[in-house]
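You will see two complexes here that share subunit A, one where it goes with subunit B and one where it goes with subunit C.
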Partner chain A sequence: MFKVTFASLLIETLQSLFQQGVRVKEVVKYLDHLAFKSLNIIVVCVSFAAAVTILEASFHMKLVLHDDSLVPGFASMLIVRELAVVVMSLLLAAKIGAGIAAEVGQMKISEQIDALKLLGINPFNYLVLPRLVACLIAGVLLSLIANAVCLLTAALVTTWSLDQSMAFFMTAFRRFVLMKDLGFSLIKGALFCGIIPLVSCYYGMTCEPGAGGVGRATTKSVVSSSICIIVLDFILTLVFSSFY
Partner chain B sequence: MTSQTKVALLFLLATLSVVVFVSFLGQFAFFGSYKRVVVAYNFVGGLEQGSHVRLMGVKVGKVEKVEFRPDYKSEAGEEVKLHIHIKVSEKAWPVIREDSDYFINMAGIIGEKYLEISPGGSASPQVTPGTIVRGTDPPRVDQLISQGYALAGKILSVVEDNESSVTSTIGSISDLVVGLNKVLGTIDKISQNKEYTGLVTQISTLSREMTVLLKDANKGDIKSMLISMRDLLKKLEKIEEKEIRSFLQEEGIKARVSL
Partner chain C sequence: MIAFKKVTKSFGARTILNELDLEIPQGKIVFILGMSGTGKSVLLKNIVGLLKPDSGELYVDRFPVHQMSEHEMMDVRKICGMVFQQPALFDNLNVFENVAYGLRRHFELSEEEVSRRVEESLGHVGLKGIEAKQSHELSYGMKKRVSLARTIALKPKILLFDEPTTGLDPISTSRVNQLILDLSNQLGTTSLVVSHDMESALKVADHIVVLDKGHLLTQGTPAEMQESTIPLIQDFLAEVGAP
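After this line comes the complex of A and B, so read on.
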């Protein structure tokens, strides 16, 4: 019977990367499934999140300072450093995390993973590694896209709702946001998205038999991935703050 | 659409996002060209790489690099250990002359530091790109505070050493203030007295009339009369005393004449 712990899953996956390499075709397939097909959800959600951020920040600044001229600067800094990448990662955790856990869990309870082992195929290299690599790449790409979409939405909302010009938004953005903010955002995106397949595959591979077992594995994977993302975000924010 | 195409599209979107982000940040000047100059300081007060460079208040470039040069000496022999490498738009470059000044200023609510260039005189030659120019060091607030603190300490020690004389000086000043108060009270009373007010009015009127009189005196009639009188007196000086006396007696006037 196939048994696994989170540590062994991580080690075996990394070992298989160096011993057997990664199948590029599978990575491309998963990039399509995991990243491209999540693009529409991410674009819609981060756009609205950015719009709400601008409106809320404006509301509070007007309430306290009677002036919302600093909103574009603060909001764009928040978007690049946190909002875009965290919202994107949580969305991916909910969408693809559940999918991966269900798929791997189904394979586990139907003993397909055991069959893979019998055929001499490393299940970590076959199931976990392509998803992990695809998610790491997707994390970087989707972080870039989410940041750009967020900023464009924030600029538009600033122009329409706050009655400030696009040039004013750009000036505030340049004053507050640094190039390294984007770099840290991409690192966060890659790490957050890297957690999702590891956690999901782990819960899939430790799935209990039956439809209920798959359901529980799916729920656990989404909850655990989300918690891991939030906690890792806190740790990375602390670490990256020391670089300023 | 195949998976490869979709993934290629994803990479293309990500690349476009990078372009959007970088152009938002203004890191690349896609259609701009710059010239560079090095400004030397001994203190920059928080100016950083990426800070703006302004010419007459207009953004014209950025600080590219902050470099420490511990052994550098200017042509005048001054040690200037901090070199700020700046780039300035080619459009603005002709305005920068050899007699331009390079200040470090602060702007905005968050106190952003920027380098301000004052335009030089048109008679002065243009700055050669890449040369090292001397900037004006901004005032050091910490130094000012420490100097103020030292000054306060000295004042305190002077006061403590001369406590008796300081006390007597303060007492004298106090007496002076009391005396001044009394004087001011008296002046106030005088100003409220009607007689004094009338007197002041009369003096004022007299002054005005005197002015008119003096103006008339400068006019021709009175002036000629005065000249005639002076001539008469000169003639009288020449007449002897006896003749005057007899003349006056004839006229029935008894007088003592002494010329």
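After this line comes the complex of A and C, so read on.
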């Protein structure tokens, strides 16, 4: 009846949480379907990102300072504060964002969303809320996993390439990385992943008819989710920096 | 009764319904005919609040739909069932669950009663025994009939059909036409059928309404339509070989 805007989607979804609650079974289904089936891609990509970070940092520090002993500490800090969570979120935006936009867009153009309304089902509660809750939970869990994998890879590359021991890496890690770094990383993970279903469902629900419409909705959702993640990262980094 | 009073609906610069005045009597089968793009589907979607009139008044039963919120529309949607142009089955549910969804949502029925109503509705559309199939296993025509079963399972007072026989074989088309007649005769359901199918309209309708460019062009009984000298009606009649 009313034109869906991003603001109305957000408000209606949150309202439906308090009025109708969330279907836990659906959240569990999406947690598996959207998040954990992306685990292999995340593990592979963040591992290589961590390896490149160590190698590049070492190369430049040696070039400028003729000493790369600070690489493990700085790299650990960069991994926990930024790298793991941003790479993980951008990968999810591409993988699940496209899937959500295509699925919801197809439902829109095949009149399934109208059919939901006529059966008395709130489409925001049915389509958006379970995906949003699943992605918020997945954001926290996948951030933990991405950080762990990144740090493990960084430690292995440090011992292999920088000729420093695992104990040296752990000492540097403990000196440079604070507990609140990890806390902020988990908050970022949840918020970045929470953006993805909201943006993707918005483009799905406003999808134009035809295969071209679904294609455009999918592309827009991936591009917009990625931009939102990067901009939100900047804002959160500014906010969190005031806590140090 | 459904009443449109000077209802206008536009999309951008394009006016689809232009100050439309129309009354649909209760308990009758009314076919809405017209060329593509004349606002037939838009008319149905306004009735159930999937679209909102830009101006004018629209009454469904006793409800002033034109001034109701999305939340208030639930009361109207409980008495209206709509069969969409697309089958609009939920992909993640099988046939039984698709038909049972609205029953469980709107009524407090035992599972035995839900099963009985699902079986009965599928029987009406000639699809008994396919309850366990997924929607992707069905042909387009079967999906369309399951969609019809899902709607009639709720036994609404007003049934809205958006091209219910498009894409169906002749036997299924006859079955759907007969079903519209039976529902009207047995339950007193008001049926509003958007269609290009003049043959079905002449066989089934109590009343035929013809729209042209968002306006009411003419209306009358099937017999009156057959006597019409309006070129558009004659074109429709010529397509089905009617005199």
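Annotations for the structure displayed:
Assume the second predicted complex is superposed on the first by the 242 of 244 C-alpha atoms of A that agree within 3 Å, B and C clash if a C-alpha of one lies under 4 Å from a C-alpha of the other, contacts with A are read in each partner's own complex, and residues count from 1 in each chain.
In this text, contacts are C-beta pairs under 8 Å (C-beta built on N, C-alpha and C of every residue); 3 or more make two chains touch, one makes a residue touch a chain.
Here the structure is a predicted model, which is why all the values come from computation and not from measurement.
The superposed arrangement places subunit B and subunit C next to each other on subunit A without a clash. In the superposed model, A:Ser110 lies in contact with subunit C only, and not with subunit B.
Of the two partners subunit B and subunit C, more subunit A residues are in touch with B. Judged by the touch definition given at the top, the superposed model places A:Ile121 against subunit C, while subunit B stays out of reach. In the superposition on chain A, A:Val239 contacts neither subunit B nor subunit C. In the superposed model, A:Val140 makes contact with subunit B only, not with subunit C.
By the touch criterion stated above, A:Leu65 is placed in contact with neither subunit B nor subunit C.
Using the contact criterion defined above for the overlaid structures, shared-chain residue A:Leu39 touches subunit B, although it does not reach subunit C.
The minimum CA-CA separation between subunit B and subunit C in the overlaid arrangement is 15 Å, rounded to the whole angstrom. Across the superposed pair, subunit B and subunit C touch subunit A at no common residue. Taken in their complex, subunit B has these residues touching subunit A: 3-4, 6-7, 9-11, 13-14, 16-18, 20-22, 24-27, 50, 108-110, 112.
Subunit A meets subunit C in the complex at residues 1-2, 107, 110-112, 114-121. Of all residues in subunit A, those touching subunit B in their complex are 28-29, 31-32, 35-36, 39, 70, 138, 140-142, 144-145, 147-149, 151-152, 170, 173-175, 177-179, 182.
Interface residues of subunit C, counted against subunit A in their complex, comprise 45, 48-52, 70, 73-74, 77-78, 80-82, 84-91, 101-102, 105-106, 147.
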